[in-house]
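To keep things simple, chains are lettered A, B, C, D, E and F as they appear, and every chain counts its residues starting from 1.
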Amino acid sequence: MASQPYTYEHFNITFPPDHEYVAHVEINRPSKLNAFIEAMWLELSQIFTRLSTDPTVRAIVLSGAGPKAFTAGLDVHAAAEGTLSPESAQIDPARKATHLRRHIHDFQHCISAVEKCEKPVLVAMHGFALGLAIDLSVAADVRVCTEDVRFAVKEVDIGLAADIGTLSRLPKVVGSFGWVKEVSLTAREFGAAEALRVGFVTHVYKDKGAAVAGALGLASRMAGKSPVAVQGTKELLNWSRDRRVEDGLRYTAVWNSAALQTKDVEAALLSGIQKRKPTFEKL
Amino acid sequence: MASQPYTYEHFNITFPPDHEYVAHVEINRPSKLNAFIEAMWLELSQIFTRLSTDPTVRAIVLSGAGPKAFTAGLDVHAAAEGTLSPESAQIDPARKATHLRRHIHDFQHCISAVEKCEKPVLVAMHGFALGLAIDLSVAADVRVCTEDVRFAVKEVDIGLAADIGTLSRLPKVVGSFGWVKEVSLTAREFGAAEALRVGFVTHVYKDKGAAVAGALGLASRMAGKSPVAVQGTKELLNWSRDRRVEDGLRYTAVWNSAALQTKDVEAALLSGIQKRKPTFEKL
Amino acid sequence: MASQPYTYEHFNITFPPDHEYVAHVEINRPSKLNAFIEAMWLELSQIFTRLSTDPTVRAIVLSGAGPKAFTAGLDVHAAAEGTLSPESAQIDPARKATHLRRHIHDFQHCISAVEKCEKPVLVAMHGFALGLAIDLSVAADVRVCTEDVRFAVKEVDIGLAADIGTLSRLPKVVGSFGWVKEVSLTAREFGAAEALRVGFVTHVYKDKGAAVAGALGLASRMAGKSPVAVQGTKELLNWSRDRRVEDGLRYTAVWNSAALQTKDVEAALLSGIQKRKPTFEKL
Amino acid sequence: MASQPYTYEHFNITFPPDHEYVAHVEINRPSKLNAFIEAMWLELSQIFTRLSTDPTVRAIVLSGAGPKAFTAGLDVHAAAEGTLSPESAQIDPARKATHLRRHIHDFQHCISAVEKCEKPVLVAMHGFALGLAIDLSVAADVRVCTEDVRFAVKEVDIGLAADIGTLSRLPKVVGSFGWVKEVSLTAREFGAAEALRVGFVTHVYKDKGAAVAGALGLASRMAGKSPVAVQGTKELLNWSRDRRVEDGLRYTAVWNSAALQTKDVEAALLSGIQKRKPTFEKL
Amino acid sequence: MASQPYTYEHFNITFPPDHEYVAHVEINRPSKLNAFIEAMWLELSQIFTRLSTDPTVRAIVLSGAGPKAFTAGLDVHAAAEGTLSPESAQIDPARKATHLRRHIHDFQHCISAVEKCEKPVLVAMHGFALGLAIDLSVAADVRVCTEDVRFAVKEVDIGLAADIGTLSRLPKVVGSFGWVKEVSLTAREFGAAEALRVGFVTHVYKDKGAAVAGALGLASRMAGKSPVAVQGTKELLNWSRDRRVEDGLRYTAVWNSAALQTKDVEAALLSGIQKRKPTFEKL
Amino acid sequence: MASQPYTYEHFNITFPPDHEYVAHVEINRPSKLNAFIEAMWLELSQIFTRLSTDPTVRAIVLSGAGPKAFTAGLDVHAAAEGTLSPESAQIDPARKATHLRRHIHDFQHCISAVEKCEKPVLVAMHGFALGLAIDLSVAADVRVCTEDVRFAVKEVDIGLAADIGTLSRLPKVVGSFGWVKEVSLTAREFGAAEALRVGFVTHVYKDKGAAVAGALGLASRMAGKSPVAVQGTKELLNWSRDRRVEDGLRYTAVWNSAALQTKDVEAALLSGIQKRKPTFEKL
């Protein structure tokens, strides 16, 4: 962390001393159930863009501050001010569409910073995890939650189709397309057990402390491997998800034609033979 | 239903009075286990094309009449007459292929009317649900079933690869590709519990009455939301399923640049604040 | 098996007499936990390319010889010799990349022979099933295992991203993308119950004998159907997995415009009516 | 033409006696420069859908009646009535968008009937060929014109982006993307020589009579070949245009696995050896 | 230009008074033949990102300052310093690959700002137009040049495959793939006449003054149309270039479902009827 | 050529001494106008697969022996024997389709070896260049011809749609899709001037000697550049042709992350500064 501290208005960023190479990002607006205002997603994007190339970071955990919520989603009251303002009715609908499209693109772009981050991102969710919570968590790599979590794809309840990522990513994160449609079209809540059963989360923990600890443990495990191998794995899985098998294979071969030249393979092989923990150069 | 009644030879269409904006379509050939003849899939296509733009309909439930079957699939006896007719052997195989191809395209097109229907379609299945039952149900959005249901991807048993939708859609509806292959390559039966476990259905009900009631309940819930939001959600999920995340995001932004201009957002937000049920203009 | 016996150095190929039209391929290097050296994947490719068009074969079971492992993966000691050799450091990195890329392509191509094989391939896994075991099994159609199986996407542990198929195919074989990422990024082991829950395998058997018998049973069931229907089903499912629904439907219609002209449909229909087992011409 | 005459209000359909198997479709509203009203594109779609499977037709020529225009495009006066009507301003913009989207889809669908027609379609253009003339002609297979033709992608001049096909198809019909953008973004006219140079048309004729005769001559040439070969060629070129080479090759192999079983290959080979004109069964 | 002047170190941005709504961007490093250093492509990206949403701009012309060159390409001497530095040889090749990949992505991203700019961009090229000149110009919409221009895809001459856009975009800008390969694989020069013949440029002008004037004239013509129509046309052509026809049509319909609600259609239609120049609200 | 001579029955392979690193492959069956029999395409595939990784070869010229033809295409008399054989009529059409499909795939695979060859391939065509001549030449990188060449997409004349590559690749090699359709649907001949105008060939030479010399000259020019740069350029252009711009950019960045580490960049830069011809290590 030599250069500049990670200080942000709406997020706490810490580097847990017993989890080498792991960063912990906490959404920090607990008084409002961590609901997002525009300044927050702009910050979020800056944070993940920076962590992406920070050589002291190899895995990231994202969670929410306070006891009540990962995030209750978009701060609708703040957002509604623009939408409900009287003058907007007189604008040419095509011009208004242009402004809305640019705004949605910018917002999507901020959330996609989590997906584009070169390091694995694990999300630990507790309490309310509504609307934007889903958009945000499906842009991450691994999701875990507490027993008390309350998930919902909430957008149809406020008259809109989710447009920041849920409808594009949730069908690729969970196998049952019928389930994705049911929860997206009804906005009904679902809990930890259902989330585990359909594969939305991979682990359920007793409470928030355990969930964050569990996520940090998984993150540490990833951070202990060769960063060349781990970052390549994330990239190749994300590429392959959206493409046919043959394109996955071909891109992988080109990628590894450089990556396999790393000294990390030798380091990992030798430490495996010698039964000791390998160390890897920063990346 | 002002204009014209929904009267069809092989389907009952009703509008349950306690489920506003919900249409109930029933396959109605119970004496033959609701097996499909050509006239039926032509009607099916007409029905769903019409419901798609009927402003009094916001969600649709599809089920089968009679106690024994959702549908036993294609009426093989009727279909076999053409196939087994003696003269067909003398036709030029390339010309015969052209006629078969056109026929399959027409049949596929009829079943795809369920997928293209702008309103959500929920299928409640009981008893025999074989062959075409799978093709048909995977073109819908949400599937539920009874405890006694008997599912099978039956086509290899009659010497053919399923060609009306199962092989194209089932791998996108269920996460386990190995399971999809096992049931498609063996034609073995599977039941409600297995269907729930793999995510083919989202709910299992005691009997047919409960399954239809359950589907109507889910449909009502969808029909109570903004139709702009619900129809957008269906379209965006179907688009995204087949495309990469970035194309999902971009299409979503363009779609919502018009959809977010709806008055429904304001209506939904205000009714949320005022704790009352919103009403939305027809669509 | 008239022509030439199926004799290979590292594989046993047998044709179980009570399973007509079924071939059983056994990885046969049990002294090294069936770990793969280059000669083995070259042989593997030859075997499956040959079985693909052998008219006496309609389904294939792949398993590992010996009590301890399906396969422990790549023989790292053999592979490391090339990698760790001193001279390789002096080669121009771009030229070394070309050689590595060609090598990966060749290796991928061998494993893909399992996927390209026109007949269904079922894998029965027991004991250690690490690294290459996953790459190999996801190129097959159906996976089953024993209770004692120990799976792991092991590659990050030796400093590399899996490049022979796992990262391209596993996300398309299992619905939970978060689970795929967790096991790929941590290299942690997972067992039979977890594999069944996420849909990686479709059946778990008590021990190796039962697993192989189970796989042979499923294979027999497939081998008893029309080979036109079964081989078409495999091809159409693999095509559809990687493409959008409309391309799946269109390719299927063209495919079946020839396939439906088979006499097998008549044979299957008649034997269905006459309640007897149909026989089908070789393919 | 046994069954039913091809009688339409806005189109003349004739079958020139000296051009066996060729149909000639003429846009017939010369008093309005063949400008299109909604009834016309609905008729157009019916005509090409019918010709597509009419076994007496193997190639089609499309041209415009009267001396002045192929077509001046959309009849803007008729179209403007709906757009400029006062009440439409009060409609919810999202609901209006839904109605516009459905309308555009229907219109696109009608024009696409030309592309989907299984027989080759050649367009002979003269005089004004503006706006919709481009949308329509790029859905056809071959374009020819007169020396006096006046082409323009006219839509930006009336405040809209062309939405019935030009922007989707013109970049795939002409190699110079810069030229496509220049004419689409400026709406400037271009003539026969420029159209030939950029590859938009393949032949320029002195006048309308010569252009129609030229197109009929090319159509006759196509109609004299095996219809299995010609219709396959159209389909495979359209498929390949939009897909990668490997998918083109694979689809082609599946297509020809049925088509090569035609007796036409033998008929064509023998007539080639015997230096006589082959005859082919209808399709 | 109320807000902030367009002042940049390496670019002149002017707004020619006789070309309303047109911006003129000039590469301004004539002493070095307008060769690019890193600071320049960062500035270029900022400029086009800003022009993209500047409501006073509707079309942009890009040209090079000084009499000798549009741009001689990358400033190789500046770039070589990093590449040839001694320490870089000791870095782990996989880690070096990561740094190179990030660097190429950043550079590509800057050039892509020209393509992503919502307003049409016309490039007027004279003198040397080498290497990066091609990468840059193919990201624009329309290319024109002087008679004395000297084009070359120069990269293979310095030991590398062009990686900032030429190899990805040139095959989509010019129809003859053989020509694209010949000039890319030989690095040979080509001139104005050849560029016009293959469709790389759409107009050739006597000298630089005429080329810039010609480009400004075309830009003015675009700037005089509805910005809703023009910006939609650019977006829809770029989308369609990379996708199949049916996806082009569908995206277009969704796009225009908002865009057709513009008052510009009425303004354009009325001014057409009244034979006067329409005025359109800013966008 | 240390290892093994390039000796083949139907092809001459020479290494012109004044064209370092260039191989010249000549189709050598002049008594039959170089018409192809099955043994020839199998040899062709072996030759190009071998040249692809031969470090002494950097560019390849393909031409036809004898004065009369590049190749008159498939040897129809040889091919007809199988097709016209009486027994084939009794085979099940679906099984026959399987055999035909496998045969077409194998044939396509052989021709694709030219495209997959890592080194640039230039084709010099003279005299008859019919049917398979087009399939073959569009799999190459650059095409040139003599003034007397006689091209035709001949397949519809023998009752079939071209299935070895023309229909998949010609639309991607030539910009005018209407022209591609005209020549493919009519089988009409076209000559050198037309081929140059539409971009099918890039140069026309007086006679065969000049054409081969011209192709060797271009090949030499490519062979004089860094093989890392040239082979990368071929691969990246072929990849990009079939994919969207953003995938082209991304693959390029990954490719060059290894390729830019080559010493060839330094060699090329220094020799540029020192005005001397660079030498590059083999690849």
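As a convention for this text, a residue touches a chain if its C-beta (ideal position, glycine included) is under 8 Å from a C-beta of that chain, and two chains touch if they have at least 3 such contacts.
Bear in mind that the values here come from a model prediction, so they are computed numbers and not experimental data.
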Exercise. Same or different: at the subunit B/subunit D interface, is the fraction of residue numbers used by both copies above or below half?
Worked result: same
Problem set entry | Chain pair repeating E-F, as identified from B-D, A-B or C-D when over half of the contact pairs by residue number coincide | A-B
Problem set entry | Chain centre separation (subunit D, subunit F; CA means) in Å | 33
For this session: Report the inter-chain centroid distance for subunit B and subunit E in whole angstrom, where each centroid is the mean of the CA atoms.
Result: 47
Exercise. Between subunit C and subunit F, what is the separation of their C-alpha centroids in Å?
Worked result: 35
Problem set entry | Contacts with 2+ other chains: residues of subunit B | 93, 96-98, 172, 174-176, 198-199, 228, 241, 243, 246, 254-255, 257-262, 264
Problem set entry | Partner subunit E, residues of subunit A touching it in the complex | 53, 92-95, 97-98, 102, 228, 231, 258-264, 281, 283
Problem set entry | Residues of subunit C defined as touching subunit A within the complex | 76, 80, 83-84, 93, 96-98, 100-101, 104-105, 108, 112, 115, 155-163, 165, 167-169, 171-172, 174-182, 184-188, 198-199, 241-243
Exercise. Of all residues in subunit D, which touch subunit F in the complex?
Worked result: 120, 141-143, 172-176, 198-202, 218, 221-222, 225-226, 228-230, 232-234, 236-237, 240-241, 243-246, 248-250, 252-262, 264-269, 272, 278, 280
Exercise. Where on subunit C does subunit D make contact in their complex?
Worked result: 251, 254-255, 257-258, 261
